[in-house]
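We call the chains A, B, C and D, going by the order they appear; numbering starts again at 1 in every chain.
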């Protein structure tokens, strides 16, 4: 199989301060579909075109932020092998197996903490529940979509301290490719890394930051720039807190808008971007062009984008 | 690396009746960039966002059609291994190595004929010439784009007799996945197969057809539905022969338009489509829904689409 | 006031064979809002951004087609004056005043038959019911839009015999301007006239045709080409009979799709087109370019478009 | 004729600090076509779909800003009549006739100063030079468009002190309609007025401001939201100073982006907006919703937008 190993970001578990408000946001504004609640009280969601049981899990907690991000791998054999490789790498800490079923409809997960302090999981099995259309003679999208209705959970951007270690772990152990990076200063210190395990321009990204384990945003993919405008209109109709957009990224070329869930976790919906291949040269941005790299049109960063993380 | 083996359709060589007219079409209408001409008189083109030296090669000949389609693999080691596997499979004929340089800026190619009679090549090396923008601090697209200016050559659709053999070769030997298929009659005979080696919904597709080695279309990818309209406008401005569109496919969900080069070879430009993963269930269409599968809006096939191949 | 006299197409009354099926089509597929039913059994609809009580009226009958089309004029004084002018012109027949209230929420209407046999009405008063949003601090569109949800009823295309007489009536008596026309043969006989009373490229259009009083289509305006695609998708989801599209008109430049209601009355939804001014030169198309004039991309007419009228 | 009296904004004359830089901006970035230069050194431009000789005139000067804005009226008779009415109104000052030819290809203009201190002209004649396509069997747009290539000059937004007087002049004397307004405080003082003389949501707008005769922006119309993105990309490619956007207005619903010419004059390109009619109710926004009224997504005003005028 030409797409092997780590296949995709499969889920993200977010902490929210008020579960009811969060459920309303993720279902009515973002337009995800609630698929389950578990005995712990967690609420599970999927985007409509995902076939797997869930991609977003919300947990009520005292502080917002990300509990962990999970990546689906191609098979149980790969899961074992990657777990061994992560252990052997000496780059991860707090490694453990989480038993099948701890997360609903999901097989056992290998969990570890990256050098930037983020909890990452690998797993090989999650129940297929379909994309709300038959597998034979389907339509092109389901009826009754609501809210922004992205097709898929796409990626997260995470902030942490030991960027070098995390990039090494993702590229050398997990098989990701550095699609784009930002370097700073005369020594060209890497301060941002956009990593892909697929044809998408990024599946996860990291920014160098003094604190460990910070969450910048979870991102969901839309079909096109017209859907970005519709998302912006929905943000205002629901009086959701807007961060920035509609605009375009220089990095990945994506068309984007950022906003906050009621707990202050940042969401992104976006469209576009190029088709990434392993042999496509890595693009590099220098910090004097950081504004244009992040917000191609404004060419400057807004304060909130840099400093507000959960 | 998570994307391994066969990476992508890397080139297609087409026969044209009048080279000058064809060069004008592929450069001014389609908007590819001419990158070279070789001593044989072949003309090489690339789409703007491809980094490799070329993806379309035109050769003047007595009859239109496709000489061969080439796929880029991830490494020389993979090339050797896949060549061995193809040989071992007993599914291919007329196998040969074409020496490096026979095609400009391209390493050695392993060539074989599929059960449907199509000549397919695998290769691991082609010179990178860039996408007309720097690798440091680029813009989001180059200036002076002309014509439809697709970002990439995307796939071909090919017609031939032994569909079963070719599908077996692509899935079992070359690592492709069957993303969608059409089946006919009470026995559900497979009459069309859409195959992917990536996150794209298809990288090559085959239709069951009485004759061997027929070419239906070469397709190029655009950014969005607005670009499909622009392509349609360009088709009329240049009085290019339109086949059908703008419309949408049921299969792949892509937004599309088909037209003919001056020699009668069919071209497609399209946008959209879902993100394919190896574990996404294969979609099946039945022949009574074939019209909607191919042209989602018209829900019937036009005569030319079915019968005109080169 | 700079926009005076005849302001706009205000309503069209259509005959349908099965009222329930028609109501479903106009409300769920087209996405109009039902605003009333009258003692005669007629059903009234408005598009969401119209402030007037209705723009489409359906009447169950033995044969499909258009009963009449009504134009709103700027005042009662203008209504009287235009009625006098129509009478004085000698161009209209079957002139009569229809009393206020015969059509719900609508003032008295001056009705006449054009030389092409179409029943046209002028009226000055219809109750304002708003566009479903407050007049103070509104949103940009209402929630819960369904179906294609055009913003307005835009125009009709009508077929009839004495095109010269009708064009004379609309331009010399009612103050319309000939925005575009089609002429045929060496004598350049006018065979189509696109007439505007506003900044829109057309408010009504007529085609020369052997029979009197035929109805080709009623058209509704969408925001953009992306909405035309969405309309096309809705057509297929509801298995509505498609005529042609998505495509573009050469005449008016509009982006368009045509389809049939369950009784065989043709509908159009479209977007785009230029801003028309009274001093903009009339555009002329010759019959050898008629295909491109009507369907800019196909450059040929489909049989149904020419011959199917109700 | 249903569209009578004042037809449209016909031209705006802007002062620029460096004519060469300005010409480059208006031709290559905005994408207007230079049509003439006059003995005074002024440079004339038109947008591609305007048939009149020019709509933008640049004059090199010590300070940026607007010299005057001109409106085309339907006839010489109307010009005389409106001039008389302006004189009789007592609302205008510094009234004068400017002789035909003082502005190239333009008939005599009646010039006056509004209560807000802006110089406004009315004229009835300007040479038609066409929209770069034939009047018989044209294409839908010309080839070789460059830059943002708006179809038309659309409106200006002007700042000045005596808003009441200017609104009275435009509505009671010149026949404009108040499409939307902003009111402030418990007394609902009108602080902004959006005025139309057509089906467009605005043809000119005024903001209450302590100084007389300030210029906020000249605006040009694009076809759609995709063109707004393209404009944003062009702004960055040419390193043009961006004010804000892409975004949407609450007022008019338009999709928009603002930027500055090299002299600091603000430009807007936008698309969309509703179809305005004289009987459409005036929309009112209160100052506590001013942010959303102006920038529907951000729901707050940026400092530059409010304070930077020329």
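Following the convention adopted for this analysis, a contact is a pair of C-beta atoms (placed from the backbone, for glycine too) under 8 Å apart; a residue touches a chain by one contact, two chains touch by 3 or more.
Values in this document were obtained by computation on a predicted structure and should not be read as measured data.
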item: Cα-superposition angle relating the copies subunit D and subunit A, to nearest 5°; value: 180
item: Separation of subunit A from subunit D, taking each centre as the mean of its C-alpha atoms, in whole Å; value: 44
item: Geometric centre distance via CA averages, subunit C-subunit A, whole Å; value: 48
item: Rounded Å distance, subunit A centre to subunit B centre (Cα mean); value: 31
item: Contacts with 2+ other chains: residues of subunit D; value: 139-141, 224-226, 233, 236, 248, 292, 296
item: Category of the chain touch graph - line, ring, star, complete, other; value: complete
item: In the complex with subunit D, residue positions of subunit B that touch it; value: 139-141, 143, 224, 226, 233, 236-237
item: Residue ranges of subunit B touching subunit C (in the complex, touch as defined); value: 225-226, 229, 232-233, 235-236, 242, 245-248, 255, 257, 292, 296-299
item: Residue ranges of subunit A in contact with subunit B within the complex; value: 1-8, 49, 51, 72, 74, 128, 130, 135-141, 151-152, 175-177, 197-200, 221, 223-225, 248, 250, 253, 272, 274-275, 277-286, 289, 292-293, 296
